[in-house]
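What follows is chain A paired twice: with chain B in the first complex and chain C in the second.
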Partner chain A sequence: MSREADIGFLNSNHAAAEGALTAGVNFYAGYPITPASDLFEYLARKMPKQGGVIIQTEDEIAAINAIIGASWAGAKAMTATSGPGFSLMAESIGFAAMVEAPIVIIDDMRTGPSTGVATATGQGDVMQARWLSHGHYGIVALAPFSAQEAYDLTIKAFNIAERLRVPVVLLMDYVLVHTREKVRLKKPPEVEVWSRKKPRVPPEEYLPFKPDEDLVPPMATYGEGYRVFVESLVHDYRGYYVTRDDVYEELVKRLSDKITVNKHIVLDHVEYYTDDAEILFVAFGSTARSVLSIVRHARARGLKYGLFRPISIWPMDTDALLKAAENARKIIVVEMNYGQLFLEVDRVIKDKPVYLAPILTLDLPTPENILEVCRKWL
Partner chain B sequence: MVRHEILIAGRGGQGILLAGYILGLALVKSTDYYVVHSEAYSAETRGGDSRSEIVITTSEEEADYMKVSKASIAVFMYKEQLLKYKSKVSKDALVLADSTYITEDMLEKTWKKLLVPFSRIAEEQVGSIRVANMVMLGVFSAVTGLVSLDGLKAAVKESVKPGWIDINLKALDVGYNTGLKLKA
Partner chain C sequence: MAVAKRPIIHPVDKYLRTERLPHVWCPGCGIGITLHAFMRAVKELEDEGRIDSSKILFVSGIGCTGRAAGYVNFDGAHTPHGRAIPYAMGAKLARPDLIPVVFSGDGDLVGIGGNHFIHAARRNMDVLVILVNNMIYALTGGQVAPTTPKGTYTTTTPFGNPDRPINAVKIAAAAGANYIARWAVTHPELLKNSIKKALPMEGFRLIEVVSICPEIFGRHIGFRAPIELYRRLQKVVKIRGKISPFEATYDWEKEIILGEFQVRNEPGYTRVLMEAFKHG
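After this line comes the complex of A and B, so read on.
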């Protein structure tokens, strides 16, 4: 293949859209919002030509409900939004988790709270991605830091959603989604594309919520001849509403444990110069690019700085984090909020100080901006 | 290990964003450089500030900070934005300036300066001031050697509206030839 054909010059919204197409997305519902609208527009130009369905719904609540329904009808379904729209989806995120609908939600983070500054960047949706809906459930959140990763991780998001039957959130930010970069597009078999497990028993023996050993139930969809039951109340293997302690406990534990048990397909992170790092930074998304610049320049001057960059934020690879922090004297978490990822890092690292470097600027912080906040610990 | 930081600034309507996009696209498609391109512009369609920032590196890791901290190459298409952004340009930068609007005394003495009347050339030799941005890119290609004329032309063909392709290609040629003469 010629170099031109598989190389794109894309922002992370467009790269994520291409990733979704590679993963086989065939249903998208959304409502326009800055800075996610151009992802919607990009897919609107491409999906119909490939037989996909793309609709603009009356609001974000309808959008997420539409993709849950489409997923139950067998589609690979996604939506994209920003914080304010993501908030509207709260109830249905829990619904999707409870009925185990594979869906992908892209959240292009901008400043908050509320409508914040629509055209400014932020990273304030870390905890929102984890705990948006009520009740206890499992969810996966992935955070790219380049357009290439936006492409690759959107494919991974679909794969995890399909394999584990969970909602998967792609956490991007305003700077990332409006910066163009070189992206290499891929095709199977170079990239793996997974689909949900199907029942391996005849219809009369099928129990829609009976898990396999990996804690994930095979998923029949409408029209395949199986009895499909979509129940958001506490339900047994049949999908029937049952108010028994043992059924409730097993279900709630399984909704979280299926992610833990299968963490090998979820956990992802990158380390830079952590082997002998005395100062270990933790950062994600576009902010991590600025932190990487600090670390590389420090190394050139002989300073032992390192960077741990979680890609799977929920769950984070805490074993890897502990190992990366082994030789560090101090851990500094840099994020564009007032301390969210910090809470998780601080929970995990118990034997050395963990500092929060909150960056509350409206544009991408320069390495100097970040150094200014961190100088008192360096 | 190479990291070039390129700043292109001018007023809204001068095609600053398109110039940045075409340059980035050409670099991505015709070279092995890793390219990061961001833009900033004001709400007005014309007259406000307009800025393209392009970071080009030989590896992904060097493209860490996504924007320009000190430009190693700067292009100023209008005087107001020159005054506004000159602090973002490194002392020994190569600076291309549109001498239709900018005089040499406005530029820092330490810069490697190249004053070319991009806008006047576009109007008089190509037929429209609107393609001053492509005249500039033609000069840029000839002078820096970072991107080929053919690469720029392919990028124009891929992304400019059909009715505007020919005049943009002509502008690239005129700019490139102007650049070659300056270099010689």
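After this line comes the complex of A and C, so read on.
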């Protein structure tokens, strides 16, 4: 059913950009940074032709606040950056979570900390994606491992953002975003595209932060007579600042719980040879590609290796992970940092050893690089 | 928005979330005078059929001044400290029929948010910025602000402020704003007229309002009653017509010049951007 025109040969930045267009992105604000700039440049050529607005702001702080404002003005809004820019967005990621603005942030991870190596890969932003801002709030992070997934998951990121009114982070990495691959650009109705719930009551009756049963409040749009006040302070259903224990507790719990109760639309992972795996690897993003190669070669030699690849990193499908690990003797987490996803896997798996295989190379590790680190457990 | 209905007893009550009163501002504070001038300007414009207040987007940052957004009955936001301008910009560009107003403090707008202020003016972004300059970080208890006069005691400069104060008017002018004025809470009628003129315009418009903070600024430097600080301000402000924004002195010891320093009608950023995209 796929026509020639639906196939692209794209890197993951361009694939994500195409996914955003399919999802209906109509506002983008960004600031250049390697390796995210070519996503911005790609959209800068395309969005205006489709009626969208795309601008380069003075910094990433302006970019994130602009997309939050645009989101409340009814736009499907996004930005893309890398670690240093993501760090600058910290305060307003919490703002987006607090005022329940649907936004998508793409973080093309590069080597850190600080300026690190701008032109080298890394996966050091796993915890940053979860806990970037102060206070307690819910957030979703998805990690593709191919250009096809970059396309598909960007659509999914927008869908989750719109349905749950949360910021959604797409965690990509330097290798992915510079690797061109075949991508099938699926369009509706083959893919679903969701939009936020709008108020079903007239302005006089509307309470902007009163949730429905799914814990998500319908969202009014600026300029439509609802006179809605978007409050960064702790607020009640009206959006009014109040300093009451019950209001604070209900709000903070709901900001996280709305993701938990709707996790069926978020959780996502892929398993390879896990049924009888004795050695279970856990890896995500481009690193998982090298690990998958290890697992396949091992299987060819009769070794019972398997791979659990989380796609939703935050939250991770921990039930599925536990199940995949049922027959395993050892679990090995391979990631390009010094132990971040490991902390989550180690938290979940309590009855068997979980090892960290930190890969601190500047390029995509070869299967041999990884095997060298893991040899002592194999 | 669902609010408890109260009888309208003041002409601008319809622009207020009256159920939220009383407000947090101290007796003698200049923020109320400024906000009142704004609401009167909106009322006159709306009564004349020149504006639809349901299109106003009233955005504040953090600070005493920033609390204004929560009291007015417009679409609005109370954004993180310093981020009102980019937030308003995003909303306006996504929905060009909005009329964005940023109403915030001097620390918020030209301290922590200074970069956004410069670049919004440079782009001639469509936003009316009402900068309430009380010369101090008030909400946090009296620390030095970028607008604090040199030599002044504040809680973080107990031996006198070593910094020279910023002149927001000159910065806006250098960056290229369409409309630039400075008024003071001593002249609320002129302030109201200026807001009324600037609100329907496009592009970047700055109205700086030299305000008084008797509790957190005045008292710390020896003004025991609000009226004393008010009289001190009255003495130092001078209205001058037809002078360049670069001559608009801001000097608490010598003179603070009030007036309308720039009135241009260059196309606002929203229009420029939409034009550029048409050729895409």
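In this text, the second predicted complex is superposed on the first by the 375 of 378 C-alpha atoms of A that agree within 3 Å, B and C clash if a C-alpha of one lies under 4 Å from a C-alpha of the other, contacts with A are read in each partner's own complex, and residues count from 1 in each chain.
Heads up, the rule we're going with is that a residue touches a chain if its C-beta (ideal position, glycine included) is under 8 Å from a C-beta of that chain, and two chains touch if they have at least 3 such contacts.
No experiment lies behind these values; they were computed from the predicted model shown.
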| item | value |
| --- | --- |
| Partners on chain A (chain B, chain C) - clash or fit | fit |
| Contacts of A:P189 with chain B and chain C, given as first, second, both or neither | neither |
| Partner chain(s) touched by A:P367 [first = chain B, second = chain C, both, neither] | first |
| Once both complexes are placed on the shared chain, angle at chain A toward chain B and chain C, C-alpha, multiple of 10 degrees | 120 |
| Which partner reaches more residues of chain A (counting touched residues only), chain B or chain C | C |
| Which superposed partner A:A62 touches (first chain B, second chain C, both, neither) | second |
| Partner chain in contact with A:E181 - chain B first, chain C second, else both or neither | first |
| First, second, both or neither for A:S146, with chain B first and chain C second | first |
| Chain B versus chain C as contact partner of A:Y226, first or second or both or neither | second |
| First, second, both or neither for A:G302, with chain B first and chain C second | neither |
| Nearest Cα pair across chain B and chain C, whole Å | 19 |
| Shared contact residues on chain A - chain B and chain C | none |
| Complex interface listing, chain C residues touching chain A | 1-3, 17, 20, 54-55, 57, 59, 62, 69-70, 73-80, 83, 85-95, 97-98, 115-116, 118-119, 273, 276-277, 280 |
| Complex contact set, residues of chain B against chain A | 21, 24-25, 28-29, 33-39, 60-67, 69 |
| Sites on chain A touched by chain C in the complex | 26-27, 29, 45, 48-49, 53, 55, 57-59, 61-63, 65-75, 77, 91-92, 95, 99, 203-208, 221-233, 238-241 |
| In the complex, chain A residues that touch chain B | 3-4, 7-9, 146, 148, 175, 178-182, 272, 286, 289-290, 292-293, 296, 364, 366-368 |
